[in-house]
Each structure stands twice: as C-alpha cells, then as structure tokens.
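Both of the next two complexes hold subunit A, though its partner changes from subunit B to subunit C.
The block that comes next holds the complex of A and B.
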C-alpha cells in the first residue's frame, strides 16, 4: 500500500459508525514511549535521531501483524504528502513541520499510526470512529506489548514511563475524542461545557489540536495529565462519564431545536447544501463550516441526500492537501477554491 | 378582468424586453392633472373628493379603448390588494396608505395606470419594459387628450398645468426609469453616478420610490422639476443622454467583471441560485438581493437556467402581497418566509 492509495479512501475513524457516533466523530488513544538506550530528542544528535528512527521503524514493521503496514519517511515526504497525513490525523502538525529523521507507520485501515521521533521517540496512536476507548486501548496495548518484547523503553519505578514532556509521564496515555457540537455552539452552551471540561482537567481544542479553531463545530477533548492515574482510571472517567455527558447535552440541544425550530434547522441545513452544491469557488474552512449543519441534519434525520460516510469523505477530500493530491498538481489558494467547488458539485449533484 | 387575474401575470413592464433592457428594467412617464372645477385635495371636502373620484372614474372608463380596462376602488380594496398594486408599481405607497375616495384604472397589459385622488386629482402613468420614453409619452399624451375633451383641467397661462406640489407645475410630466446597477454597486462607482445624476437635477431613489432602499441593486431615477421645460426637452435629456450614459457605465463595469473576475462573478451568481433553490425560509428582501446577481448573470450570458421574464415573474410573485394573494390566505411574516421558500424551490427545481 502507498500513501496515494490511502488518499483515495477514508480511514476507519471517518466511517461515521461506532457508539455515540451522532456526536463523537472519532476517538483516539495515544501512548508515549522512549528508548532507554538513547537520550530524549531534545538532546539527541542527528546521528542518534537517525538510529532511533531506523531501529523503531524496523521493529514496528517486523512486529506488524499485517503485510499491508505502511511506513512513511516523513523527512523525505514532500509538503503535500506531509499535509495529507495531518489532514488524516495520522501525524501532528508539529511532526509534519519538524526537521530530521522521523516517520510514521500506518495500519491498512488507519486504526493505528505510530509516530517515530515526534516529541518522544515513539508515539503509538490508535484511532477509531465513535466512542470506543476500550478497543482502542486494547489495540494500543497489544502494539506496546509486542514492541516491548524487543525494545527497552525508558521506565522509572517511581514515575512510570518517562516522556519528553512531564504531562505525559506515568502511564504516558493520552485519550482524546473529536466531538461535533453544532447545537451547543448555536445555543452558546458550548462555553459552559468548556468550563465544565476544564474543571475535570480536560483540554478542549479545535480540529487540528493545540491552538487551532473549532472549524465546523468540531472540538477535540483530551485528558491533560497522566501521572498518578492508571490507564483504566483515565479511560473510565473519560469514556464512561465526561464524554457521554457532553453527548447527552448536545443531543438534548439538538432535540430541542428539531422540536421547537424545525424550519430554522432545515433552513440552515439546506442553505448549506445549496451553497456547497452551487458555489464556483469555496475555501476549505467555509466547506467545513457548511458541512456542519448537514452532518447534524443527517443524524437528526432531517437530511437524507447522502449518508455520514459520504459526508466524511467529502470532509476529508476537500481539505487542501487531499484536494491537490487527487488533482495531481500543486494548486495555489485560488485554484484550490475552484477545484474544490468543482469537486463538491460533482459529488453533490442530484 | 379582475385584480386576481392580474396577480397571476406580470405586466408589460416586467417582460424584460425593450431597448437597453439589460440595465433598464422599466420606464415610466407620469402626468399630473387637476379638475378646474374642484379645489386641490388638500382643501377638498370628503364629498368633493367622492365627486372627483366618480367623475374621473366614469370619464376614464368611458374613454378607454379597451373593454378590459380595470377600475379598482382603492378605498374599498383590502390591505393585500392595495399592496399588490404597490408591488406592481401601479399605485404609490402613499396612495395605498391614504384615506377617502380614491382609485386606479389599469389597462389590460398594465402599460397605463391612472391614479385618481392621489396627491393630484389625476395622475396618468404609462409604464413599459426597457427604455422607451417616446411610446410612453405618446400613450400618455393620447390618454390626456382623450380625457381633455370632456374634462376641464386646471391650467394657468403663465405656469401651465397647476398641480398640488409646485415641483410638478408646468408640463406636470415626471419621467422615471428603474435601473439595475449591480456592477456599479459592487465597484462602488454607484456613488459617483448618484452625484452626477444630482448635478443633472435627477433624483435617485430605491425600488418603491422616495425614502426606500435600493434593494436588489434596483434604482429609480427621475427628473426633479418640470416647470419651464417642455415634455420633449425632458424626454430628450433623460432618454437620449442621462440614462444611456449610466447604462454604458454599468455595462463597462459588467464587462470588466466578466473578463477579469469570471469565477468570482459565477460564484456570486450560483451561490445566490443555490440559496434561493434550497432555503426553507427566506425574506422578500433577501430574495430580491439574491435575484440581483442572477439577473446580471442572465444578461451577461453566464446564467442560462431560466430567462429574464421568468426571473421577473419570480421577482414579483415573491413579494409579500403577491405571495399571500396566490396562497389564498393572509400569512404572518414567518409563514410568508416558508411559503416563499416553497414557491422558490418549485419554480427553480431543475
């Protein structure tokens, strides 16, 4: 499998299925690990960095249960390919923008993506649609165990796994979910939710992580500290309480809109559809903003032109790097606007 | 013919044809006359007012060349019917809102509309699509002559025809055209045009006359004084110079947009179409605003889904009174928004 093959599909996490998927687009679990025999990346030499990359890449590919596992040398990848990986949430923006030996391995359906030489030597990420933290944790744990057989990870009896950033020390686990909260946004209750999340020591961020905006009413919520708490505790608090509560709030707000202001809701959905299916030039941000009411419309049963998997495909393929990758050329901002509008009209033609 | 029959059609003036009709939606010529044997309306008693109404209505209907001439007693008409007449530009907003005996006679294709007891005893209006002042003047002159045979109009040797408002004294003629100036609006040159028009002693107003906004980029331009100038002079200055000059400016601005920013133009046109054909609730003002780029698009050959006559029909039928008249019920603001959106979707369905 190649990155080009990936580009044309959507990963499992954009399947639009899984528990509570009417609000939880996807969930992700991440583990940070560092090789005991090498210094943290902040002090590693370029040579050490390359050695770390090679040995981790070799081990991961060797331990992979599937022959379809994809290894991407991010350092050698061109800008569009790196951006494709960011848009698919397989690597962080920081990993794309960094320099030196680094990479990522991606499983065939993209349920796992292992970043090598991001902030830590290794970040094992598992990613699925809907709220399914246990299977994610299970998959991640198996990968961690398999790699742990041949690799020695930096571990401290008192602190647990050692990581580059103190907030990850301990279990090194970070859980995050991408939530679609259009009704809470519309009713302005989103701020109350954000405050409540902060009280629970959860971080609320935009679509592409730290410092990004919540375009398209999509929010990433994650735990902030890992020290002194077990994996089970973290997954329990997060997956059984915090997130289902927010989902419940959002669903109540949606029901209220559908019951009390159905025309207003339909109007919002259909105007968005009207613009997306007729524009001759449209930005990525506007596309995502307009897909938001349609996404909600599909889930509340008021929009039946296409399903959520199709919407997610459109959502992914209209982003700048995917658009250029599919078009086969580098495009400037203005050209992308036109090509994106053409793509949308083709996909949305009735 | 009844007012209900009228409602379902569009008058000649919305046919979208005639000279320079790519910019000049319609032109109108108006003559003010007062019966010599009665005082101006400002001092007339209710009884005199009724007498004026009856004698003028009788004379007009008797002199009418067509049996299809429609006489509407505006005082007895209900609010929606009065508003229908305003939306068709057959009576002024003032005439609709006034009290006491008053009315209007309308010719079958609405090329003439004679208001009785508006500001003056009689206002003869002729109305056609495009810029065709001579035929309008001719038709108006014939009506004036025919009525002058049996009626005695207030006339002064020095001043000419006497009118309620001094600005109409003299020939009593008022010429006005409705211009569609979206490109000059977009390029902000419209303000320069308005200043130039003022220098020529022309008045620039919105769609429904004095004190109204230029919704949908539609402007009414009219001469401001009639004293001391002949009909021919007024029509000459206005129809051969001032208006064709503005049309030329607008066409240059349109050409420049179509040549230098075709995608931007198409995008504006098609987004408007997308919203109009998908909204579930829409106001009259937004409808007119969105019809503007489509109107321009048809004329510059970039929009071919329907023709200008259809656009004008939609333009007329989506206005509040027409909408209610066709729907058969009085509707509140919110209901109108929904009914209007339903109508638009039916009409614009591909």
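The block that comes next holds the complex of A and C.
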C-alpha cells in the first residue's frame, strides 16, 4: 500500500458509523512513549534522532500483525503528502512542520497511526468512527505491550511513563473525541458545554487540535491530566459520563429545532446544498461550514440525497492537500477554489 | 444546608467552617467570600500550559535551583523553564524535588502514577502502582460510605502488601 492508495479512500474513522455516530464523528486515543536509553528530542543530536527513528520503525514493522502496514518517512515526504497526512488526522500539524528524521506507520484501515519522533520518540494513536473507546484502548494496549517487550520505554515508579513535556507524564494517554455540535452552537449553549467539560478537566478545541477553530461545528474534547488516574478510569469518564451527556444535550436541541422550527432548519440545509452543488469557486472553510447543516440534516432524517459516508468523503477530499493530490498538480489558492467547486458539482450532480 | 452566606448575605453558603481558635465557632460562607477570606483557594481550571507558564514564573525565584543541571544530558532547570521541555528521561530524577510540585499542579493534585507499567518492569513496580490505585479506591469507598466495598479493597491491599 502507498500513500497514493490511501488518498483515494477515507479510512475507518470516517465511515460515519459506530455508537452515537449521529454526534460523535470519531474517537482517538494516543499514548506517549520514549526510549529509556536516548535523550528526548529537544537535546538529541541528528544522529541520535536517526537512530531512534530507525530502531522504532524496525520494531513497529516487525511487530505489526499485518504485512500491509505502511511506513511513511515524513522527513522525505513532499509538502502535499505531509498535508494529506494531517488532513487525515494521521499526524499532527507540528509533526508535518518539524525537521529531521521522523515518520509515521499507518495500518491498512487507518485505525492505528504511530508517529515517530514527534514531541516524544513514539506516539501510538488509534482512531475509529463513533464512540468506540474500549476497542480503541484494546488495540492500543496490544500495540504498547508488544512494543514494550522488545523496547525499553522510559518509566519511573513515581511518575510513570516519562515524557518530554511533564504535562503528558504518567499514563501518557490522551483520549480525544470529535463531536459535531451544530444545534448547541446555534442555540449558543455550546458555552455551557465548554464550561461543564472544563469542570471535568477536559479541554475543548477545534477540528485540528490546539489553537484551531471549530470549523463546521466540529469540536474535539480531550483529557488534560495524565498522572494519578489509570487509562481505564480516564476512558470511563469519557465513555460513560461526559460524552453521552453532551450527545444527549445536542440531540435534545436538534429535536427541538426539528419540531419547532422545521422550515428554518430545512431552509438552512437546502441553501447549503444549493451553494455546494452550484458554486463556481469555493474555499475549503466554506465547504466545511456548509457541510455542517447537511450532516445534521442526514441524521435528523430531513436530508436524503446522500449518506454520511459520502458526506465524510466529500469533507476529506475537498481539503487542500487531498484536492491537489487527486488533481495531480500543485494548485494555488484561487485554482483550488475552482477545482473544488468542479469536484463538488460533479459529486453532487443528481 | 440552604442558609445564606454570613458575610455577604446574598449567595448561598456552601463553605462551612468550624474555627477552633480563639474559640470554637461555626461559620457559613459562600464560595466567593470564603475565597476572599483566604479560607479556600478556588481551583480555577487552567490549561496545562498555563500551569506550566505560571510555575515557570514562580520558580525563577528559586535560589540556585535554576543552575541545577542533569548529569546525563546537561539540560539545566533554567533551560527547562524557558522551553517547557525536558532534555532526557533522567531529568525526572535530577530535578525530582523541583518537578514534583509542578506535576502536582498540572495534574490536578496527583503525585503518583496509576495505571499501566511496562511489561518488562519488575514485580515491585507492578505492586507499587497497584497499591496506589487501591488506596485511592479505598478512600473513594469510605467517602461514599460504601463499607462493604471498602472492606473488600482493604483485603486486596493487605494481599498485595504481603506479596
């Protein structure tokens, strides 16, 4: 499998299925790990960095249950390929922009992506559609245990797994769930959700993580603390309490809109569809913003032109790097606007 | 208790204090007044980075501590303060006493790891992290007055301790 093959597909996490998928787009869990015998990356020499990269890449590929595992040398990848990985949530923006030996291994269905030499030597990530934290944790735990047998991870009796930044020390776990909250945004109740999340020590961020906007009404909720609570406890806070409550809150707001203001809701959905299927030039951000009411429309049964899996594919393929990758050329901002509108008209033609 | 705050007479009293000096008396305050009187320190939620920044600011006054260097990677505590990143795993050992209060603040009062340990770790490590977890479970059970569960957890602790 190559990155080009990957680009044409969407990956498991955008399947649009799984528990509570009407609100929970996807779930992700990551663990931070470092090799005990090497310095962290901020003091590692270029040579040490390369050694870390090689030994981790070799171990991951050897331990991989599937021969289809893809290893991407991010340092050698061109700018568009790196951006494709960011748009697919397989690597962070920081990992794409960094320098020196670094990479990522991706499983065939993209349920796991292991970043090598990001802030820590290794960041194991697992991703799935809907709220599926237990299976994610199982998959992650198996990878961690398999690698932990042949690699010596930095660990301290008091502080747990040692990480480059002390805010990740302990379990090194970050659970993060991507939620689509258009009704709470519209009714301005999103602020209350954000405050409630903060009380549970959870962070609320935009689509692409720290410092990004909630384009398309998509929010990421993740844990802030990693020391003193077990992985299972942290996952339980999400799976049993925090997320189902927010989902219910959003569903109540959607039902109320559908019941009390159906024409307003339909108008919003069909205007969005009208622009998406007729525009001659459109930005990525406008596309994502307009896909939001349609996503909600599909879930509340008021829009039946296409399904969620198709919407997710459009969402992914209209982002700048995917668009260029599929077009086969580098395009500037203006050209992208035209190519994107052409793609949308073709894709949405009745 | 639904009484009003004895200080402002406006908000609901949610903080109940029994003073023992100079003489015994009970007081009922709202959270805001309790904070003003310095009875409680309200835990405003801060992002981990904000905690780090705050800590770094406070710690710059630590006498000589910022010159402390890790013998393995050479990173000084001052460099860590500037960058927010440690130089090598050994820094946690070299700066242990300076890092402990920072970690406690960044991780909501937690001081010890609970959870997975590497598969290659010695049995003693498994035992210790297991004990930390069980002791907390015991505390939770007692707080919830679930004595049956507390007794069960206490037995588990005893078994693990005798190993």
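A few comments on the model shown:
The working rule: the second predicted complex is superposed on the first by the 350 of 350 C-alpha atoms of A that agree within 3 Å, B and C clash if a C-alpha of one lies under 4 Å from a C-alpha of the other, contacts with A are read in each partner's own complex, and residues count from 1 in each chain.
Note that a contact is a pair of C-beta atoms (placed from the backbone, for glycine too) under 8 Å apart; a residue touches a chain by one contact, two chains touch by 3 or more.
Keep in mind the model is a prediction, meaning the values are calculated, not measured.
By the touch criterion defined above, A:279 lies against subunit B but remains apart from subunit C after alignment on the C-alpha atoms of chain A.
Here subunit B and subunit C are compared by how many residues of subunit A each touches, and C touches more. When the shared chain is aligned, subunit C comes close enough to touch A:153, but subunit B does not. Of the two partner chains placed by superposition, only subunit C is touched by A:34; subunit B is not.
By the document's definition of touching, neither partner reaches A:93: not subunit B, not subunit C.
In the overlay built on the shared chain, the residue A:327 is in contact with neither subunit B nor subunit C. By the touch criterion stated above, A:15 is placed in contact with neither subunit B nor subunit C.
Of the two partner chains, subunit C is the only one touched by A:230; subunit B is not. Subunit A uses no single residue to touch subunit B in one structure and subunit C in the other. Those residues of subunit B whose C-beta lies close enough to touch subunit A in the complex are 263-264, 266-267, 270-271, 273-282, 338, 341. Of all residues in subunit A, those touching subunit C in their complex are 34, 36, 38-40, 42-43, 119, 141, 144-145, 148-149, 152-162, 164-167, 169-171, 173, 198-199, 201, 203, 224-233. Against subunit A, the residues of subunit C that register as touching in their complex are 45, 47-49, 51-52, 72-75, 83-89, 92-93, 96, 99, 102-103, 106-121, 125, 128-129, 133.
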